[in-house]
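All remarks here apply to the structure that follows.
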Amino acid sequence: MISKFMPKKLFVAAAGAVMLSVPAAAEVSAETAYVFNTLLFLVGGFLVMWMAAGFAMLEAGLVRSKNVGEICLKNISLFGVACIMYLLMGYNVMYNGVDGGYIGTFLPWSADDAAATAAEGATFDANYAAASDFFFQVVFVATAASVVSGTVAERIKLFPFLIFTVVLTGVIYPIQGAWQWGGGWLSEMGFVDFAGSTIVHSCGGWAALIGAIILGPRIGKFTEDGKVRPMPGSSMPLATLGTFILWVGWFGFNGSSQLALGSAVDAVAISNVYLNTNMAACGGLIAAMLVTKLVYKKVDLSMVLNGALAGLVSITAGPDTPTPLIATLIGAVGGVLVVFAVPAIDKLKIDDTVGAISVHLICGIWGTMAVPLTNADASFVTQLIGVASIGAFVSLTSAIAWFALKATVGIRLSAEEEELGSDLAELGLEAYPEFGRGSQKLSF
Amino acid sequence: MKYIIAIIKPHRLDPVRDALAQIGINGMTVTEVQGYGRQRGQKEIYRGAEYEVHFLPKVKLEVATDDAVAEQAVEAIQQTAHTGQIGDGKIFVLDLNQVVRIRTGETDAAAL
Amino acid sequence: MISKFMPKKLFVAAAGAVMLSVPAAAEVSAETAYVFNTLLFLVGGFLVMWMAAGFAMLEAGLVRSKNVGEICLKNISLFGVACIMYLLMGYNVMYNGVDGGYIGTFLPWSADDAAATAAEGATFDANYAAASDFFFQVVFVATAASVVSGTVAERIKLFPFLIFTVVLTGVIYPIQGAWQWGGGWLSEMGFVDFAGSTIVHSCGGWAALIGAIILGPRIGKFTEDGKVRPMPGSSMPLATLGTFILWVGWFGFNGSSQLALGSAVDAVAISNVYLNTNMAACGGLIAAMLVTKLVYKKVDLSMVLNGALAGLVSITAGPDTPTPLIATLIGAVGGVLVVFAVPAIDKLKIDDTVGAISVHLICGIWGTMAVPLTNADASFVTQLIGVASIGAFVSLTSAIAWFALKATVGIRLSAEEEELGSDLAELGLEAYPEFGRGSQKLSF
Amino acid sequence: MISKFMPKKLFVAAAGAVMLSVPAAAEVSAETAYVFNTLLFLVGGFLVMWMAAGFAMLEAGLVRSKNVGEICLKNISLFGVACIMYLLMGYNVMYNGVDGGYIGTFLPWSADDAAATAAEGATFDANYAAASDFFFQVVFVATAASVVSGTVAERIKLFPFLIFTVVLTGVIYPIQGAWQWGGGWLSEMGFVDFAGSTIVHSCGGWAALIGAIILGPRIGKFTEDGKVRPMPGSSMPLATLGTFILWVGWFGFNGSSQLALGSAVDAVAISNVYLNTNMAACGGLIAAMLVTKLVYKKVDLSMVLNGALAGLVSITAGPDTPTPLIATLIGAVGGVLVVFAVPAIDKLKIDDTVGAISVHLICGIWGTMAVPLTNADASFVTQLIGVASIGAFVSLTSAIAWFALKATVGIRLSAEEEELGSDLAELGLEAYPEFGRGSQKLSF
Amino acid sequence: MKYIIAIIKPHRLDPVRDALAQIGINGMTVTEVQGYGRQRGQKEIYRGAEYEVHFLPKVKLEVATDDAVAEQAVEAIQQTAHTGQIGDGKIFVLDLNQVVRIRTGETDAAAL
Amino acid sequence: MKYIIAIIKPHRLDPVRDALAQIGINGMTVTEVQGYGRQRGQKEIYRGAEYEVHFLPKVKLEVATDDAVAEQAVEAIQQTAHTGQIGDGKIFVLDLNQVVRIRTGETDAAAL
């Protein structure tokens, strides 16, 4: 009998003893492993899907109230677009027949689970249900697109942004993804990116950077005498909530990127990934807090939130190999980076509304380059090749897409619409109709 | 009659209301406003960029009074709103031609 | 050894190879299946429980600020009432001894896990722990009740609403649920409703519709000259958050309605359900976005959010059989329906504060009728019989309950209280005491 | 073949039959159990981690808008501090070599999974991956610290608070935790605290109580004539959201405290824990609602939210033994307690900003003392000894820490800073810059 | 010219605007304010402690008019804002020296 | 002395403040208001129903000045707030009897 009042630790040891006395098969059966793996994808999938809400809340908190409705709309609709495009072609461009090359096939995805569900002689080599894999992969695509929406917020037009999302999620992301996760040339070379510091976060970050440059800064962001005029976000608690949501979702993002839960070895690996992911976020936020306090005398909450995310992005390329303390440090470096990257990008007169370039691009690079520190299978040179080639590819293709949109439908709200706010201009409603609109004008 | 407009620090509102009640003034209208004057605004910081918020939160009090009480009212406000620190605010007195109580239609003194 | 730097796809294949070489039993053992099934219910249960927060945030975002506190209170307290009533009688009315009939027994629920926990000779025929099943079922009841709260918001009195919830969750919902999920006459007839488009969503929708009619519209909603006067919701980001929460919760709602995870066949089925659920939401929101843009020139965020939910409700009756593309289309039809249903219901002078009738009733019917399109085991006629009989039953019993409440304690706030707002009238507090109350009056 | 259109209940029975016909090993294999247990910790861990967001939102909703940014910062940074301290020493102080005594060893934690991941002859006696256990344990520590932040909000200085958190999570919490969960003297004596009514919630509660006393009330909270001046929270929907988040997280908190999922017996136990946890929350909120209505004529939403949390805290010491109805009642008593405790603590001129002392300390004690009612293995006397000894220890050590901080760096904002708000004073920003700051002054 | 300041109940704003339009007044400025007077505030309750909110939400209307229309305007406001219940508000009339329309630079009567 | 009330477009506030500073006026009080005039409100849409928001966000500036500067101030405001588009706003000038600086008790010219 298992008595519940035993202390946690001891009780478990006791239960262990009980377990051992059972003369059971020690191994995990093939079908059980199949179920475990599928479950890992499903749980990981809903956690990463939940990150879409995190981006929405983070960005809604960091834009001014006259643009909050539109940023909510963008975040939910880009998720829809991403899922549909990945289904229509993205998945197969990324995974279907890449074979050491550069690109898969432009075909819609469909499931093939015949082997595992055969009435007789079922085999479980596929290791997981096809749709569970697709579901897990598709939520990653949306993450890359979410990065972009934050940077270009408050001045971009809605539909041109969504068209860019179509291109990003249907073509750009899958192609560079194919190079690594699809088994393309980068993976053959030995590039390491466990859950996507480069493939997801930097990819989104490059697209955002190019977009911000082509789009130009918000009106009034940089004064004539070259100073930065801050435009404080409308709701710190929403930004905090968004950060927490992203943090939780990241356990799915990194943890389920182990891709298998069917053995003790996998269970151990995933546990380490969870813990390292958590510690890197802690390291990032504490570092950002201390540095802002030192540099600015006050602790900037928006920076601390960015710091936590910076930690998470930084660990994403290699959450499996460091010890928890090293993971904390990797995250902490990310947190420091972000505190200095945000004003540096401002100095370049690039207007990144929510700091996404600093968080996802800069820390995505840092995280990728940090992998060889704890992973003997990775080399700095290969990591650098991966970062640079994906950076070049995404920047170039994004630039083409942004310029094409600019030249045709136009990507930017008119000055009048921007002044009025994208909510009234494009949605015809207000995000907070009862909370004293117009007040933001008094802040300066 | 007089129309008294006073700009005061928000946390002095309660004492001022009490002081006015003591001299028999039981009606007033209050608005949240932003003041600009000698008192410098708060330095705020956001994402690595410092900036000054020029306007400071103040409360605007509007009180209509009989000519007789007006002086007393001004004094009461000045004394109670006073903290001695910069930004304490100002009192403005204007002439008031006519007052109507909407509920009863009464006018002038009777309406106050 | 499993090397982490291999690309995702290839790595999995390799791991598969390793697995196969293990000479293990291929099947899932009975006890392992028991644990899997129980786990499925627990994970599904906490996800669906989380939907209660989704309804609370969605509705809090869509009512005016003077009623936000009360809508929060209603949403959390209806959850409490629903759980208690389902424990006291609802579960057994729905599942205990229905046997092809119309109703179970009015008895409190209690667990019987003796077979599985016997010290010797334990058997696992029950397939899952009793409490995990109850937990999963009980969160569905609350969902049905949440639908009602949104429609009748801003004018109904708190306690009469809760008394209606007692009746709905203790009697009305369980009886019609018994007809299908309890193994009653509808299930014998071959009605198909996988996770409750009809049994949960339409059920709540009918109760809401009847409630809205009996209660009458909010003061000022319809002007004397017959026009609709919109009353914009107080917070678009909260409404967006609520929608995302519901979306995430829906993976539990639909996914765990497979009711078993103990085999590869189940794992495949659940994966398909997850993916289809996700795609239907995407279809619904994109369709709603495009249609509102076409019809109104602007994109109404509140409609897009309803569109996502419409997609989710639409797929709920049959998320297991369509391909993902078809699921997207089923959701898209739901998204279009909702865009036209909302103004249509307004035209009928029925005041549905958050659009719950359009989302849950209309799309619940659509989703149920769409099942035969992809499921050969379902027939249009039987589906229609199910929709109609449940519609008639819930409408009738709801009407009785609403009228009885109206005749006795009264269901509506006084005009003065409604004007003041239900927060001050019934809670004696304000939801946002510092954000300039009263400003909503300036919008007209 | 499994046909999906069968009613839920019947379908499961049928699936059961199918299962039985498979001639599989009935038991759960040792490695499968290892994976299950690890999974239990990981899922429980991310759910409890999510509670940090719940505390942040609850507290952000219950403080005035001028302090919302700082409370968000405190909640996210205390999580970071707690994780780092527990890694650096807390875990080993609590679990490493306590052996019936009072304290473990001051050493950083590190994982040892060699047995389970050995290439040959792997054994699974450890029962779960080390990091999954650490991850699950560490999120509990943060919970204890979160309790404190709510009570001392709106007047405490940021860094002194964080230093206190360092002491609490690195030393105080682990030592008293060692007494019970670490296998120390209390556990040997037979004290029962399943998931931490005393060890987590009361521990945080005592530290909060002592902090509130030493810190003193907020300016203006108690008028000269001895009356309480309420300071209404800035956002009821955020407080509601926080409560829902905590509720969901609690399934991980209590459910995964079963510590094993590798058998049907465990699955049954966890299911009961889930259900009882849910019912206790329902009981607490309904009781608080009815009592506030009776006593104050109006239903105070903030109290109902506290009531739900009170129910959750109350059941936490013994969610495994009661029937669901008894669990509902245990929660309901908690809900009633909190309604009377809040004004009682006000009367003592102790200023508990969010009611955390009432919820976590008072109900933590009640929950611990209620265990013997349904658990024959527990005795009132031992429970009392546990409550009292931990209360004495935490109060004493907290008092030392608070006084030391007060005497050195100071713990309280200056009156001017408090008046201005901690956001402007310590963060240099506003949580809601566009929503009419200053308005709170008009409420009186 | 006259500068009319009216404190009214928020939900009377729409009718008052219509009434003013009928006598040819098509410009006005509106502010949310908090009023204190004979009408007692709302009792609120929070966490077991009751308290009175002294100030009630009102709307302040400012209308500049010709002397000729002023009387009519005051009457229109009084009659339309009137509900007969305590707290209906007050109308204040002040002398107005000069008006400028910013867009055109027109002054006085032409600027109204 | 004069009490100048100006209703202007929100984004002109900063330039107007600068312009006033240049003629030596360093104090003012600002309120967010809703304006109604020739400028038509924004069409908004919500859940399939269109409606017009009649009132537009404006900013009200209140500046007390010496008689001597008043004219200059009015001109500065008119010129700086001017965009030439409908809805630019209005300036109202009232007589001001008395001013008190709360901090020092100084009155009239000395208090400005």
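As written, the chains take the letters A, B, C, D, E and F, and residue 1 is the first residue of each chain.
Keep in mind that, in the parts below, a residue touches a chain if its C-beta (ideal position, glycine included) is under 8 Å from a C-beta of that chain, and two chains touch if they have at least 3 such contacts.
Please read all numbers here as calculations on a predicted model, not as lab measurements.
Hey, what chains does subunit A share as contacts with subunit B?
Touches both subunit A and subunit B: D, F.
Between C-F, A-B or C-E, which shows the same interface as A-F, counting it as a repeat when over half of the contact pairs match?
Comparing residue numbers across C-F, A-B or C-E, the repeat of A-F turns out to be C-E.
Which of the two pairs, C-F or B-E, is linked by more C-beta contacts?
Top pair by contacting C-beta pairs is B-E.
In whole angstrom, what separates the CA-based centres of subunit D and subunit F?
Averaging C-alpha atoms per chain gives centres 53 Å apart.
Would you mind pulling out the distance in Å between where the CA atoms of subunit B average out and where those of subunit D do?
Chain centroid spacing, subunit B to subunit D, equals 47 Å.
Quick one: which residues in subunit A touch 2 or more of the other chains?
Where subunit A meets two or more other chains at a single residue, that happens at 25, 27-29, 32, 39, 43, 232-233, 235, 241, 262-263, 265-266, 296, 298, 300, 302, 428-430, 432, 435-436, 439, 442-444.
Which subunit E residues sit where two or more other chains touch them?
30-32, 34, 44-46, 54-55, 58, 94-95 - these are the residues of subunit E that touch more than one other chain.
Applying that definition of touch, give me each pair of chains that meets it.
Contacting pairs: A-B, A-C, A-D, A-F, B-D, B-E, B-F, C-D, C-E, C-F, D-E, E-F.
Give every residue of subunit D touching subunit E within the complex, in rising order.
Checking each residue of subunit D against subunit E gives 228-233, 296, 298, 300, 302-303, 339, 342-343, 346, 355, 442-444.
Which residues, counting only subunit E, touch subunit C once they are in their complex?
10-11, 13-14, 30, 32, 42-46, 57-59
Over in the complex, which subunit E residues touch subunit D? Could you list them?
Interface residues on subunit E, with respect to subunit D: 34, 44-51, 53-55.
State the interface residues of subunit D toward subunit C in the complex, per the touch definition above.
2-13, 15-17, 19-20, 22, 24-29, 32, 36, 39, 43, 47, 64-65, 119, 232-237, 240-241, 243-245, 247-248, 251, 255, 261-268, 270-272, 274-275, 278-279, 281-283, 285-286, 289, 293, 296-302, 304-305, 308, 323-325, 328, 432, 435-437, 439-440, 443
Using the touch rule from the top, collect the residues of subunit F that touch subunit E in their complex.
Its residues touching subunit E are 2, 5-8, 31-38, 54-55, 58, 60, 74, 77-78, 81-95.
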